[in-house]
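Letters A, B, C and D mark the chains as written, and numbering starts fresh at 1 in each.
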Amino acid sequence: MDLELLEQAARRRLDAAFYDYIAGGSEDEETLVDNAAAWSRMRLRPKVLRDVDRVDLSTTALGAPVASPIGVAPMAMQHRACEDGPVATARAAAATGSLLVFGLFGAGSAGGVAEVESTAPRWLQVYVLKDRARSAAAIARSVEEGYAALVLTVDVVRQGNRRRDARNRWVFLREGDEAEEDPNELFDRSLTFDDIAWFRERAGVPLVIKGVMRGDDAAACVDAGAAAVIVSNHGGRQLDGAAATADVLREVVEAVGDRGEVYVDGGIRRGQHVLKALALGARGVMLGRPVMWGLAAGGRLGAQAVLRGFQQELERAMALSGVRSVPEIGPDLLHERG
Amino acid sequence: MDLELLEQAARRRLDAAFYDYIAGGSEDEETLVDNAAAWSRMRLRPKVLRDVDRVDLSTTALGAPVASPIGVAPMAMQHRACEDGPVATARAAAATGSLLVFGLFGAGSAGGVAEVESTAPRWLQVYVLKDRARSAAAIARSVEEGYAALVLTVDVVRQGNRRRDARNRWVFLREGDEAEEDPNELFDRSLTFDDIAWFRERAGVPLVIKGVMRGDDAAACVDAGAAAVIVSNHGGRQLDGAAATADVLREVVEAVGDRGEVYVDGGIRRGQHVLKALALGARGVMLGRPVMWGLAAGGRLGAQAVLRGFQQELERAMALSGVRSVPEIGPDLLHERG
Amino acid sequence: MDLELLEQAARRRLDAAFYDYIAGGSEDEETLVDNAAAWSRMRLRPKVLRDVDRVDLSTTALGAPVASPIGVAPMAMQHRACEDGPVATARAAAATGSLLVFGLFGAGSAGGVAEVESTAPRWLQVYVLKDRARSAAAIARSVEEGYAALVLTVDVVRQGNRRRDARNRWVFLREGDEAEEDPNELFDRSLTFDDIAWFRERAGVPLVIKGVMRGDDAAACVDAGAAAVIVSNHGGRQLDGAAATADVLREVVEAVGDRGEVYVDGGIRRGQHVLKALALGARGVMLGRPVMWGLAAGGRLGAQAVLRGFQQELERAMALSGVRSVPEIGPDLLHERG
Amino acid sequence: MDLELLEQAARRRLDAAFYDYIAGGSEDEETLVDNAAAWSRMRLRPKVLRDVDRVDLSTTALGAPVASPIGVAPMAMQHRACEDGPVATARAAAATGSLLVFGLFGAGSAGGVAEVESTAPRWLQVYVLKDRARSAAAIARSVEEGYAALVLTVDVVRQGNRRRDARNRWVFLREGDEAEEDPNELFDRSLTFDDIAWFRERAGVPLVIKGVMRGDDAAACVDAGAAAVIVSNHGGRQLDGAAATADVLREVVEAVGDRGEVYVDGGIRRGQHVLKALALGARGVMLGRPVMWGLAAGGRLGAQAVLRGFQQELERAMALSGVRSVPEIGPDLLHERG
């Protein structure tokens, strides 16, 4: 799998403005760029002579077995990348044993995703609506569909200032899109840590908070009952100038300790980046844009090629670093520059 | 508001040499570039789950209420950007509730600015002339016009070495400009901290010193009776090689403590930069070139769009950082890179 | 010798895909680039007034005299650069008194290399095959041919992910190449420190471990009986994201202490880089690509010009740094940036 | 004075290979580039309100008054830049009250330079020849001509590896040049600190050592009787990879203390760089290439314009930094980046 070639193929197939919508970040795209740069800045200290004939990528996500620590991040507008996009993604995740975080935007339905059979867990991501009753209804229905965890994305209390979209005058929603509602109007912007309990009760499944960028916030999340946090700056699409996720991951891992799990997304483009994230203490990583490029370039098979390709790259990076299994990945793999 | 598009529009409208005069800095423009780069180098640690449904930008400047911590820096030659430039700027400031620092260059008159009604304060910026009597007269007349503070700019003891202007052979002053006087001859270059008292007595309003770049100087200013200092390197137009204002702001804030207020200008191009300045302890920021581009591109409405745009960007950046009001902005929002 | 001109000449002569195979690294080529950049990042503190009329480059490698600390790294596919490539390289090494590490790939034969007369030592590099008996046989036969040490390369437990090759669809092996076997199938990927003793017994000559990137691994190698380690990331061709060899060299030198010798390769393109490596504590350095460019551009004489050129550059760099002999090169030659 | 325009004018007038000879450095020109970059990396902390109506640039060099701390470095081949080059340079130095270090290359004569009247001191720079008697004779004759100090350049124990020259196949010496002798053969490469005394006795004037890059060497120089050292890496023309002079200046100043004076050259292109050098503790700076560009572009008047221009830039930089005289320049003007 050659991710850059795949992205180029996707770019040729997609409407230019839609490509920009997916590829772009907010304002000066400093955080978008820094997300990827931060993984590249880190250097590995590979071990040798460790018998890596077989390398085991398997791990668990909130207790459920997954084939690897590489999952799929929630993404809007997958149907624009390929018809039946969310289902295609779900199938790709199932075929590769990958954790899928399915994103329920606004108040839409989880569609056919729940029907896709998978041995790997699926989590449901929701935004919290001002109309709490609609949120509760959507959550209830979706959990019935077997989602293993509920992910609350908490970093969209305002819509990011995406200049590419403004310059493209991209109309955010089209016929067939989930809802023609303004996110700034729709989403509950008054959410606090106290609301976590409310969701935890209704969800009946573990709660995961997505968009955490600080140790103190992460600790407050687990104190309030969250089972995990996802370190994320929304792929550089919300607050421009926010730190790269790689640069705050260690702080969050230390703050959470063994009271919860920590995931991370943002700028992960190679298996070696996954290895670095795990060396910093992440339980797993989530891929957004790479899966979108796969979907756009080749539908389900494209998304599957991306996930499989990342697994192969991680396997190789682990072997070349002298680690045979996920638990063997530790912070000593990272080189501290003098 | 898309500041780069606005600047491009301004550039198309302005005489090329005048554009260079505004956009340029001294010598190698190291400080000009570093001013902006320094804000970009800093990274934010946004908070989540803080109930940011409503974000309050209001604050005070030397005790007077302003709609936001974003003010207008004193700028020469506004009439070249648009006819009636100073008055247009004053109206834009009034319409947005922004602090206006009006610059009285040489020994000119404050013109129609004083007639513009505003609930926000206006400060009068002056250079100190060798002819102290003319300075005193200008100050006295202007304070009668209701300026709430007197700003002494102290970093023009020599004219900066602006190579763009020299290469453009730009004739500094034209018919209609304030005065055909050489700043190197006109301005008092012997000013010391002892003179602050002299101005304080005559001004009858609080004194603000603009152009301070060190903690010890800032402390000496407040010791000598200044109510505030503005951390400024004159937008990179004077001493090339001077530190970026963002890089010395914290030192100045710590030296002044609660004995005065600290403002900052230089390289602020986004709402997130304003947030960073406030996180470093600034009371407010001042915009120069962005307002000039607004003026040149769209007159009063252009300048107003710039100020309103910055307010919106700051509101968004605050919300996305989990702060609901200016006093909640603290140093923990800044990420210290390992 | 002008290495860049030589590389350009080689590039013109070589098949484009083969050039890429030699010049390229894995994935994003971060480590490939960083290897060279790391030597350039370091700065020297030259001494003066030290009587450098004569500078002595001679040193020893595992006790055997060599004309300089500059040796030849093992390289595959030398016959593609010039006919009779390995023998040409051996002659160039002999003519310049340079240590030659000859690479025996897979289970091939050491060919005519052993017949080349040389006062300088030759070491035999092997990969460890799954078929241990074949390894043992090759080793036994080769040691009979007079190799002074056996070098085990341990960083190819997986084939690196070389995108240039994939994009070139470069067929790795052609008629006349050593073996049409898949390295991933051929090589023993289960090797551990315990196996070092096995090789040591059979080799009858000192054992050198190539591909070590950490102090703890280097210490484990000498504990297990290795006489030396070569700090190497395989020229950036294996684990992309691995630290530059220059950045881990000091750690390895400190861990090994006086229990063994430490060599280094990767990104060494100038005599001053050799000087820096020795200042960090390396016993010697090994050149790969530069020798290949010499071979491709001018056969034996080209390779010889490269080795001679490096010796001259090292002589000049030592003289200009005020050191008269290899033992005088110490860590105080390196400038620690504030 | 616009140094870049002047260099462009010089480049148009000069033979391309000669331009490269002057402008270039050794090998990869890392040190050439870093010399200038190091001054730019430093940032100033300007003071305000210090009464800088008059700024006094005057200082002394080894006790002799000079108009400013800006002197002329010794340069070979000045007659190639303009006819009668050395005399033109001497006149420019005299007209601006600048210290002149006149370079006597090989065993040539100091020519008409000594006849140029000047109130500022002139120093004589020599290389030490293998034929010590010729050195002694040249020194004796030259000192009779009134040179106030003897400068020994000690960093040419080998000729630097200048790739531009090699690529240009530039014939180093032409008819009319001083001598057709190979510097590698001509110069004494066995010089040590013990020889300093030998020169000190014969010179009868203070001895200055040029090419010192370390504190320990500088201390050894003054211990051996040198009155001053010049921190220099020969403008990046000798050991590529050597530290920038700006980066080692402080160490040398601290090692010398009050036992001698410290000068610096290399990469100084603006008055603000001179200010930084003095803030680091240099007694003065020396300009090489800028003077050569002036000579080539405009002969004596061109060189004079350069020296005058630097003085004006230094005057402005001092005024804008709140210092009124050279002794007031201290290390607190430099900003230490967090």
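Just so we're on the same page, a residue touches a chain if its C-beta (ideal position, glycine included) is under 8 Å from a C-beta of that chain, and two chains touch if they have at least 3 such contacts.
What you are looking at is a predicted structure, and each value in this text was computed from that prediction instead of being measured.
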Shared touching chains for chain B and chain C?
-> A, D
Label of the chain whose CA centroid is most distant from the centroid of chain D = A
For the sequence-identical pair chain A and chain B, determine the rotation angle of the Cα superposition and round it to the nearest 5 degrees.
-> 90
How would you label the chain B and chain D contact, same or different, if same means the shared numbers make up over half of all numbers there?
-> different
Calculate how many whole Å lie between the centre of chain A and the centre of chain C, each centre taken as the average of the chain's C-alpha atoms.
-> 42
CA centre of chain A versus CA centre of chain D: separation in Å?
-> 59
For chain C, residues that touch 2 or more chains besides their own | none
Could you list each pair of chains that touch, in label order?
-> A-B, A-C, B-D, C-D
Sort out for me which residues of chain C touch chain A in the complex.
-> 27-28, 30, 34, 154-155, 157-158, 160-161, 163, 166-167, 189-193, 195-196, 209, 211-214, 217, 220-221, 233, 238-244, 247-248
Complex contacts: residues of chain C adjacent to chain D = 2, 5, 40, 42-53, 270, 272-273, 275-276, 313, 315-317, 319-321, 335, 337-338
